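Please read through the structure below; I'll follow up with questions.
The chains carry the letters A, B, C and D, assigned in the order they are written, with residues numbered from 1 in each.
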């Protein structure tokens, strides 16, 4: 059983069916197709506003494109020190932005606090032209530690950012899991709380390979279309990308899948809480569980066929920490079988 | 009927089936899956050599990544003035390479000649550090004018390039059409003739969205893996990209599809040759036909539902020129119906 | 005697004296010094308008910085095929702009014509997002062929450019020579004729190492200050850069020097016109003379101690072409001695 | 009196004299002059090895060029969190390297420790292609906190770095101050201790505007010459840049100046140590003194005409911290007058 990531699963049946259906007939290329037009409608309805949505292949592309439209090459992007853009995208934001600088801030629970922005920007302004120019903040929702910013937390961070002249980007690789947790509308989770641009993830939650840059300020779209093309992310047969997102968003698939993976993570965390040798080290609010386990337990689990990742333990941790990720197709029996194995190994 | 491009069609049934089949079960992500391993085997067998193959989403990505591995940021890439990398990729090669310069050379039939490289490099060397450093040549096969370099032409161009210290890149967006025309092996069409890196196209010829950088010098692979990741082109569910290419390459699908589109272009050109008002302005060796037609004929055809592109007429052309592209699923009846419409309009 | 370039001479006495004078006492760094403040005043008075002026070290830096403020990374810059930015700056504009593309246009006498812009932009617009976005035109004044755009020529080119949505950059590495030729005000030669940004050269005409980006639209200055810093072109002891330009511009030094070098080039051209074996191949309007000479004459001259450059002969030239450049400190006797040597060798 | 920085002073008389002397006659441009040839000789003798030395205008340019030759665009550069490249160069290293990432490490006294490299590289390697590739470490000598790495510290850091596959860059903006402190040879302070590339500063210590990239591995020189040109840092009248460095290095000027500024900083620190309200917060080993002072004292000093910078206080500091920098032309009386003012204000 594979708890290594939510990207080890395939695609939801609805998404595959949409691809097969989209295959019929000829369609104009590069986005001038029916599915792409439909996607804008569906997304606008879902978010309750006019917007521009640019589908791309990967979350790295979505994040890097989004940031490149928000910051100049001499700009600073503030992010959490564990942010995917900081540690796991091989410098994609620097590449797409022409050299902008990501400045990493430490903070508990994977969540930036408004005061951190205020301090960082004050330092930058004091250095004037010698320092990169404060330009944007990016927050991951859900965070890299599987936690979820509350609406209030987003709102306060975004209003501080805007007051400081920063744009607000949300890395929503697990946006559906966050919304499922928050129980609010997608609008409330984003633009109504001050988010300027959203990287909307779908691949980890049921798509085959589909993410999107969602622009609540449509004036950025023209520039981003050029940037998407020159980064090789404009599909010629765009219908196959848009169709995935339509299937994902137009019914409740995105939310249904996210609720399932969140529920399975909660079940897993609840179960681990009853096992003495296991210690869940971070609150579980989405579909990731971070657990400290004796090394011999981890070894035994892997020998038994369970996959999961080593994680960087917080300073002062007494046992190694591992990440367990549930997916839209994780079943209760999968979780229970992992729990049994932990108990047996412990 | 849509003759605008070979990317207005969907995917071949075999490719779709491969995607559906790849969906079963969990697979490690980012290329550590069975289909990706299989792809390297299939491609190595097809090209008759050890190689590295990196699948990506678009031809623009394949070309730009390939060139970025061959040239420094201060390098010069020589290309035909009509090359896709020069006119249709929104500066992707400049972006991926960190600012390398594409130097456009004019030449008949879309084909560069060895002497042009010799002259251009001599000019560069005379300017030393003031000029961008000669680094690579890229040739399109088939060319943007629907012609095909012969093996001998490739060989002479590549050996001149190598003598001058240039690497040789082949933009094979329509590689299958070229090989179908040449009737040689993929090996003879590439590394045996001096090609260092190939952008292998599949999307225009039956894939959903799948291209690949093929490295005949595997030592470049490590660097390219980082470059692919940071450009957002490393799929997490890579199996869906690799599976398309396996289906495309492991049977004769690639060649079968290309033969069909080539045959349809030949049929179209033959038919047009019998119509007085039409004049085919370039030799037809792959799946594109460039034809001069009176403007009123073009208008009538479009009114009748035929799609095709305006093209930049060669200097001195007396009538506007249009591009007609056939596809792997173009049928004889489609061609004949277009021919009839031309005759009727003329 | 060195006719290779106008950069083989040292600096004018006035410029050196200004440097020595600027050395006294402490001054705040990075431009917050008295000479830098004075420079803005002097330049504003000279150009008859409010402006921002950013001194830098080299013409390459001035050009690349200027263009980077005018075009996006996915932009196109139209230039003459012989432009310094195209052939002699090792890709600096591509580097500073983050990958923008210079599109080279051929034209007689080194001068672009308005229709070329219209055609090129039409081609770009027809290709939409696939082509780099038309963004700017750059013209060299004086040109690389030693000719000078008339005020009318600049005006028509600039108004066409603006109508097409392009910004207008002037590479004024030899701006003083051009103004000396035109006999108009610096204002008439630039912003009054539609120039948006000027690279103002001084090094070739008497400075030690000093050029400047002159912004007639001051709103670009804030961005350019960051760009100058991150490209390493913000001197800490900026007084030494500004002081050169003040000395150069505040009296008539710039114009006096340019008149001298122009006059010497005219004297040289006139003399060559009387020698049968020499043929001046381009009109002489500034301080450069392009002359076709039998190879044995060139060899003899070099053996006699004269330095000058080989030049790319225009197509169809029957003899090799050489470039002879005069400088602010070239004396009539220098010219006459060269002419004598030509006569002797011929 | 200006203690804000060592760049508020002018140039040493010897340097100015060298510039004036270099002005005589014509010289080939772009480095083919006598002073540039002489510089390589002088530097080779000083460092006791064959090397390549590329003069540039600013320390930012030297650092960014040096790093761009050591790391790929997808590379990681490890540096201290206070490093000039991290906080004060407006992203120049990211720009020159094409987007490489500077990863900031905290450490006492401004000095990196070998274990930090080991840990950081282990984290990177565990993330494979998703993380930027470990490529180089840069250390500032003297550090941003005015401390000096011992030879042993450099040696251990460099040998760890090399073992991990990292190149070693030294930002020697205040290299002379460090060598003056260490009392060792320039060779021992650099290549003999494992430094691969040195940014050799001169501007802060008596030059007008002159720094250099010193390559102990000359094979990097060819690439760097292209990079210098395309970043606009190749002077046409290079003699004026090289002549400064020759004057600086060929006699003991560099060391004499550094000893003077170091001595003045020591005198200042000693004096402050006797004043109850002042607290020197970092050991003084070069020409910078960091002192905690009551805010009212700082205000009084500034009112009395003393200039100096606010500094970011270490966590837990009870009073604001200020930076006082001495220069090669600071005299004992200057220091004493500052000390008297502090005593009076306290």
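Everything that follows uses one rule, which is that a contact is a pair of C-beta atoms (placed from the backbone, for glycine too) under 8 Å apart; a residue touches a chain by one contact, two chains touch by 3 or more.
In this text the structure is predicted, and so the values were computed from the model without any measurement.
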{"item": "Most distant chain from subunit D, judged by the mean position of its C-alpha atoms", "value": "B"}
{"item": "Distance from the mean Cα position of subunit B to that of subunit A, given in whole angstrom", "value": "34"}
{"item": "Centre-to-centre distance between subunit D and subunit A (centres being mean Cα positions), rounded to whole Å", "value": "40"}
{"item": "Rounded Å distance, subunit A centre to subunit C centre (Cα mean)", "value": "50"}
{"item": "Residue numbers of subunit C (touch at least two other chains)", "value": "73-74, 89-91, 95, 98-99, 129-130, 133, 226, 229-230, 234"}
{"item": "Chain contact graph, described as a line, ring, star, complete graph or other shape", "value": "complete"}
{"item": "Parts of subunit B lying in touch with subunit D, wherever the complex brings them together", "value": "30, 72-74, 98-99, 129-130, 133, 223, 225-230, 234"}
{"item": "In the complex with subunit C, residue positions of subunit D that touch it", "value": "2, 4-5, 7-11, 16, 19-20, 22-29, 56-62, 64-65, 89-92, 95-96, 203-204, 208-209, 226, 229-237, 239-241, 307"}
{"item": "Complex interface listing, subunit A residues touching subunit D", "value": "73-74, 87-91, 94-95, 98-102, 104, 123, 126-127, 129-133, 310, 312"}
